[in-house]
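Same chain, two partners: subunit A is paired with subunit B first, then with subunit C.
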Partner chain A sequence: MALDKDIYRAFEDVVGPDNISDDPAILDSYSYRWGPQTETFGQRFAAITLPKDTAEVQAIVRLCNKYGIQFKASSTGWGSMSNPGGPEVIKMDLRRMDRIIEINEKNMYAVVEPYVISVQLQAELMKRGLNCNIIGAGGNCSAHPYAAHYGGGHMGESTSLRERNILAVEWVTPEGEIVKLGSLGSLGEWFCGDGPGPSLRGITVGHAAPCGGIGVFTKAATKIYHWAGPPIFPIEGVSPQYAPSEIPPNFFYRYYSFPSAKEMVEAQRRIGESEIAFEVMGFNIAMLASNMGTSNDEDYAYFEQFRKLIQGPGFQVILMGNSPQDFEYKKQVLEQIIRETKGESLKPVEDPKIAGALIWRSIRITASIRECFRAGGAFSAALGGTHPYGEEVAYMEAVSKLKKDLIKKGILRDDDGYYLTWPHEHGHLGHAEILIQFRQTPESIDAIMGFSEAAMKMAIDNRYGVPHSLSGMAPDMHDMFGPHASNYNVWQRRLKQAFDPNEVSDSSGYIKGKQQQGVS
Partner chain B sequence: MALEDYRKDMELCAKCSICKFIPLEKMKGVQPANVCPSISKYNFNAYSGGGRVNIGMAMLDNRLEYTDKLLHIIYNCQMCGACDVSCKYAMDMEVLEPIYEFRIKAVEEGHTNPALDKVINSLRKQGTMVPGAKAKRGEWAKGLGLKDFTRQKTKVVYHVGCLTSYDKDMWKTARATVNLLNKAGVDFGIGGENESCCGGRAYQMGYETDFIRQAQNNMALFKQCGVETIVTACADCYHAFKVLYDKFGLKGNLEVLHITEYLDRLIKEGRLKPRKKVAMKVTYHDPCHLGRLGEPYIHWEGKEIPGFQRRFDPPKELMRGTYGIYEPPRDVLRSIPGLKLVEMDRIKEYAWCCGAGGGVNESNPEFSLWTADERIAEAESTGAEALVTACPWCEKNFNQAIKECGSSLKVYDVVELLEKAI
Partner chain C sequence: MIDEKKLAKIVGATNVSHNPATLEEYAGDMSFVKPIKPDYVVKPRNAKDIDKLVNLAKETLTPLVPVSSGAPHFRGDTIPGIGGAVIVDLSDMKRIIRVDRMNRVAMVEPGVTFEELIPAVEKEGLRLNMPLLPRKSKSVIGSMLEREPVVMPKYHWDISDPLACVEVIFGTGEMFRTGAAAGPGTIEEQWAVGASQKEAAGPAQVSWHRLIQGAQGTMGIVTWASLRCELLPSIEEPFLVGSSQLDKLLELVHWLTRLQLVNECFILNNINLAAIMAKKFPDDYQDIKDSLPPWTLFFNIAGYEYLPEKRISYQIKDTTDIAQRTGLEPVGAVSRVSALELLKAVQRPSKEPYWKLRYQGGCHDIFFITINDKLPGLISAMYDMADEAGYPASDMGIYLQPIVQGVNCHCEFNLFYDPENPSQSERVRKLATSTINNLMAKGAFFSRPYGESTDIIINRDAASVAALKKVKSILDPNHVMNPGKLCF
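Up next, the complex of A and B:
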């Protein structure tokens, strides 16, 4: 809906005429949607703004409160939860806030603005012998830990996940106050999210990501980790034929498959327990094939080859040694675990050229787009939560049956019904997902909606925990899950009401201040 | 083809933003990260490759009118193809093609840009994209005693291009080219006043019909004169003859070589021997239309295989920038004694554009120079004293930007440096 001229001018005064637009062409480049929908274009924003700093963000938020207009901020804007929840929502595209504010090598943290993408931060860190967590969606997403959906990624074994990596934060609340959380609030330093100083970490982000529903996080510090690899990977070739000229010293890659999920989980548990792995990523072979293939044809050929070579579910492991001795030790432990859990290595990917390329793509996380979108432009997923690892895998085993039914009906791409699982922090926690690829037709969209609902219901009925699928989805989902999880929805709603009394921070991906009718 | 023909490609856009960045595997630090001048300058998503494709869909769905803003978006793109390469690292979809078609549609529906109309009028009247009279096109060669291929059959035709023909500052490159071809004993001719624009830049600006007319006329002349090989030092001409003429089924068996490919061949055959030292530290700028867009056109006809993966029968190979002309200009530079070649961060398939393409040089000089400035800063950061390129449009734009920003960087064409060494 078009903004009143005076209101538009008020926003224009904040960001300047070049950084605001309500032209339909500008708006439609934000309202285009991928994924399971019947319409290509969703709701248009009322206007798009491009604030350049915290002060401009704050001014926009204050104007939104003044005029009763909602706002939604986003980083790269990839997630569907970046879309507006109604016609009177202003977008804050944080593209111009793209600085790495600080890399603190000694205290192992980095401070970023929202439009620093993870690859930029990782590349800068690697020059210093450091690394960061990157969400599984890819290095093209924001490095800002509040932007991510749940914040887990391929390297979670050694780089944990979002809520555990967040340190101090600068937050523009829905009422337009600038709040500095953690050590930033008392000492002006970024090293800790919980103090000395006000700790609102559990309020601003919990199991469910805020997804734009509780203000704007203008800067955040994130933990960084040790990196024993080269400062720049020796990637050669011309796109998309990139491969490293060599596997760097003390790096090792293997993909293992197992007779059943039981052995696979046992292997992952033991790998975690022995703390030997840099990365344990539960790709299924369909994802592995997509990751490796530079086109759908190559992807198809790899998948057909691999499905004949595996025993059952599997995962990939990357080892990174700090010295030749450390590396040798880790390799020997891994070999023993795999032997004892009946794992088998997928031979074609042992080829150093292929393994080298897989290492790099899985550390930089550049191929999720291949894995999720290249086949047909749309994917959907049922996600587990971040819970004890075995529980996650059990949930996926159950959901996999639903997926196989749809494959039988010819609605989904046949990838043998596999799911993907991966541990965080050496297996203390784990996460699992099931990806589905399909062609968008009214019939397939209906089937996929039904699948998602059934997977959610299964999580409730069988007590598999609160899945991440609900982050960023319809707000009433929290009211569906809350009663089964300590009534968290009641607390979350109270926080929303307290921090956003005017409901200006668009809650279409969070929880609404007012409970919807008919939801318990 | 038309915008509608790319609907299925456009529907694949995942909004992942990789079209905005250099290929992620190649990122070496926080900067330089960007690859698309248009989104880098204007910031709204509609200015990115993905955003353009998204609004292409909106146009097809009759959601948009031609507003000033929409026309600003349409015409402020250098058509450099960097988004296309970055996207195709991961996806099997066309990006640059629908962007071309969107612009062509705007032109066909009468929504042109006045500055570009002026250029096209000159093309229609004088056969050139830069101001100048047809009769004066061959002036640069006065006194050189060169063969006219329209009167005398020659093995090779040296196509000089509009900018080099009419811009006196560029004559040195044409003359250096002549010198080198003579030294190598090549039997070549030029068109002089009978040479006409390749049409490539008209296509980039969205004037497809004008491009096709130029292409048809040129090919008719080449056929009539029995021309087998065309050599040009202009990346835009190279791309037009080699890729666009082929795309429109007009190229026939014409062999098209960029001068750097030809010189590289002559050096490797021992027909040119760079012996004189050129003690200089230089960096090389890949022109978009020679590099990522310079790979051979791939013809395909067939049908989509039903199923969940978008595959085709026969398999459809996409142009991803993999086989562009990257090494020949570098090999020529490497053959020059004393010359040290250092690389910028953004090179080859993910090189940053010089800013001059797609009509932006003519319609929005400020944006064109802004784009060049970014490249100049990148070149300076290598410690090179000169920026070397292989296209007169890049050279002109860089020189103008350097003049305005006061950089001490020199700009050369590869040909000029090789001439110094021979």
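Up next, the complex of A and C:
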């Protein structure tokens, strides 16, 4: 819905005429959708704004409160959660806020604005012997810790996940206040996000990101980690036939498959406890093939080849040695664990050329588009919580039965129905996910909506926890889950009402201030 | 005043006290916070009692002060902020509810102390990441809720660690479970499907545990908490590195934590190390102190299930290489202090009497979070201020604890003094508040403010205070939970 002219002008006064638009072509480019919907373009924003700094963000938020208009901020806008929840929502595309404000090498943190992308931050860090968490959505996405869904990625074993990496934060609340968390508020320093007293980090993010529902996070500091690899990967070739020319010294790659999920999870647990892995990523072979193939044909050829070679579910491991002796030790322990858990290495990817390429892709996180979209143009997923063992695996086993049914019906791409589990923080936490790929047809969309609903219901009925999937999608799902989970919906709603009394921060990925009728 | 019968009906008559001597015990502590006598002390037996107590307090607008640890208390946070309060002493709630080896997590009630939990987790091959030598009566939950620093920075991924989930009765009288514990289902039902109440964040898009931590009991009363545990090493090799050059030690600490090579890792000045290691005061203490270099770094290398000897031996080589690059040498003993003896000491709570009280009978701590680069400036400023106030530098203990995997450092000045000596006490009291502004100006972040200096610290940032008050208005709208603390 077009903004009233005076209101449009008020926003224009904030950002300048070059940084606001309601041109339908521009609006459509912000309404592209990749999920289970038949229409490629969804709800349009009322206008797109490009604020350049915190002051402009604050001014826009204040105008939204004045005129009763909602806003949705996004960083790199990759997620469907950055789409509008209704016709009267203006977009704050934060692409002009693209500075790495600080890399503090000695104290291991980086401060970023929302449009710093992960590969950019990582490239700067690697030059300094450091690395960062990158979400599985890809290195092309924002490095800003709030621009995420659940915030985990392939390197979670050694780089944790976003909610736990956040330090100080600058937050423009839905009422237009600027709150500086932790040491930033007290001292103007970025090193700590908690206190004085209770940590306000708690109201800004949970086991999933707020997805636009609680204001705008204009700057944030995030923990960074040691990197023992090269400052720059030596790449040869031209896209898409490009890869590093070698495996960096003290790096090791393997893909292992196991007779059953039981052994696979046990191997992950032992690897975690022995603190040897830089990365343990629960790719199934379909995802592995997508990482390697440069075309659909190649992708399928790899998949068919690997399918014949594996015993069952599997994962890839990357070791990184901080010294030659550290590397040798880690390799020996890994070999022993794999022997004990009956793992088998997938031979074709032992080839140093292929392994080198996979190391690079799995650290720069270059393949998520291929993994998710190549087969059918669309994907969806059922996500568990953040426990690597026990209930997550039980949940995934149960959901994979639903997936296999849809595969049988020819609705989903046949990847043998596998799910992924992968650990964070050396197995203290982890993630489980079941990815489904499909073509967007009315028939498939119906089936997939049914699949998601059934997966959610299963999580409630069988006590599998509050899944990550729940957040960022439909806000009324919280009202379905909350009564089974400490009434958290009631509490989250109270926070929403207190911090966003005019409901201007678009809640389509959060919880609405007012409970919808008919939802218990 | 609240009706005693109503309290007795909830917790049983024997668990309510208004005996003047008992009330006196809770009226003050070792801090400089003004004593205020509570009306009653109650000892709930379980979560149901707590639920009823909070609901009664809500109806009668009675202030509740939750206390988990036993005396002596040091920070004034368990002294009632106003009159008419009821102390809710949770120290009798001592159930170790569960120890789960596979998921490396334990679940305990608030009265469980480190001394009680350590053997229980050890039986399962686990250990705790605990604060430096907590006093014998210190509650595990109390320590975690206070975000106390822990001695193994490598396993301290996030400042909220090792806390996982909690069950809490908010000031509204409603029960809530944080993180993975929220549900669906009862805790027992969750166990039955393999869940472990380990994930702290959530449920959904809020991390409630972060709002309960650091709150000094102002949001609600925790009835149990789960916590991360670490594996018990199969072998360990501790080291000491003495030096007069703090910057070199900090450089070494940076690499040890960055490469995650070591488990326990902290720096003590000679005063604190002597206070911890001395068996007889004052002679033994003085001898050790005089024989030590100004600073000593302690670290410990560990091997676990797989090839432990190999791991230890290459990690010793790697740490020695790094130390050499910084011109330092890790050794097994520095003067009369052996690394092994110190390791044994810090893997348990303090022996009695509490190490901070052994030297002079009293100790006031000034502590904050900072980053390594700022430490030398902060320490020298503190010495100057102590000097100006007439407090002898030779009595000031310093403890530097890398936290959050070396991203931050907890810095603690331990001002030992004789509480029976009024002029000494007054000097320390003044120093405790007069230093705050200057330290903040030099990069000290007081993330856990207590007592008299709270206002100076917390009022620095009006926007954060306003946000905290909004949270408070949701979780404890009637201000029954420990009123008068922080900005509430």
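As a working rule, the second predicted complex is superposed on the first by the 516 of 520 C-alpha atoms of A that agree within 3 Å, B and C clash if a C-alpha of one lies under 4 Å from a C-alpha of the other, contacts with A are read in each partner's own complex, and residues count from 1 in each chain.
Note that a residue touches a chain if its C-beta (ideal position, glycine included) is under 8 Å from a C-beta of that chain, and two chains touch if they have at least 3 such contacts.
It should be emphasised that the depicted structure is a prediction, and the values quoted were computed from it without experimental measurement.
Once the complexes are laid over each other on subunit A, subunit B and subunit C both fit without any clash. Legend: residue contacts after superposition of the two complexes on their common chain; A:His428 is shown touching subunit C, with no touch to subunit B.
Using the contact criterion defined above for the overlaid structures, shared-chain residue A:Tyr464 touches subunit C, although it does not reach subunit B. Put simply, more of the residues of subunit A are touched by C, taking subunit B and subunit C as the two choices.
In the superposed model, A:Ser21 makes contact with subunit B only, not with subunit C. By the touch criterion defined above, A:Lys180 lies against subunit C but remains apart from subunit B after alignment on the C-alpha atoms of chain A. Contacts of A:Ala447 after superposition on the shared chain: neither subunit B nor subunit C is touched. Of the two partner chains placed by superposition, A:Val169 touches none, neither subunit B nor subunit C.
Of the two partner chains placed by superposition, only subunit B is touched by A:Arg364; subunit C is not. Seen from the CA centre of subunit A, subunit B and subunit C lie at an angle of 140° in the overlaid model, rounded to the nearest 10.
Here the smallest spacing between CA atoms of subunit B and those of subunit C, following superposition, is 22 Å. Overlap of the subunit B and subunit C contact sets on subunit A: empty, with no shared residue.
Contacts from subunit A toward subunit C in the complex involve residues 104, 106-109, 160, 163-165, 167, 173, 177-183, 185-187, 189, 191-203, 205-211, 213-214, 223, 226, 269-270, 273-275, 322-323, 325-326, 328-329, 332-333, 336-337, 385-387, 389-391, 393-394, 425, 428-429, 459-466, 470-471, 478, 481, 484-489, 491-492, 494-495, 498-499, 510-511.
Contact residues on subunit B toward subunit A in their complex (touch as defined above): 11-18, 21, 23-31, 33, 42-46, 48, 50-52, 54-55, 57-58, 61, 63-65, 67, 69-70, 73, 85-86, 88-93, 307-311, 315, 317-318, 320-324, 326, 348-350.
Only residues 18-19, 21, 23-26, 28-30, 32-34, 40-41, 48, 50, 76-78, 93, 95-96, 100, 116-117, 119-121, 123-124, 127, 138-140, 232-233, 235, 238-242, 295-297, 299-300, 360-361, 364, 366-367, 369-370, 372-377, 412-414, 437-439 of subunit A touch subunit B when the two sit together in their complex. Residues 102-104, 147, 157-160, 174-177, 179-185, 189-190, 192-196, 198-199, 201-216, 218-219, 228, 231, 254, 258-260, 304-307, 310-311, 314-315, 317-318, 321, 369-373, 404-408, 440, 443, 445-449, 457-458, 460-461, 463-464, 466-468, 470-471, 473-474, 486-487 of subunit C are the ones that touch subunit A when the two sit in their complex.
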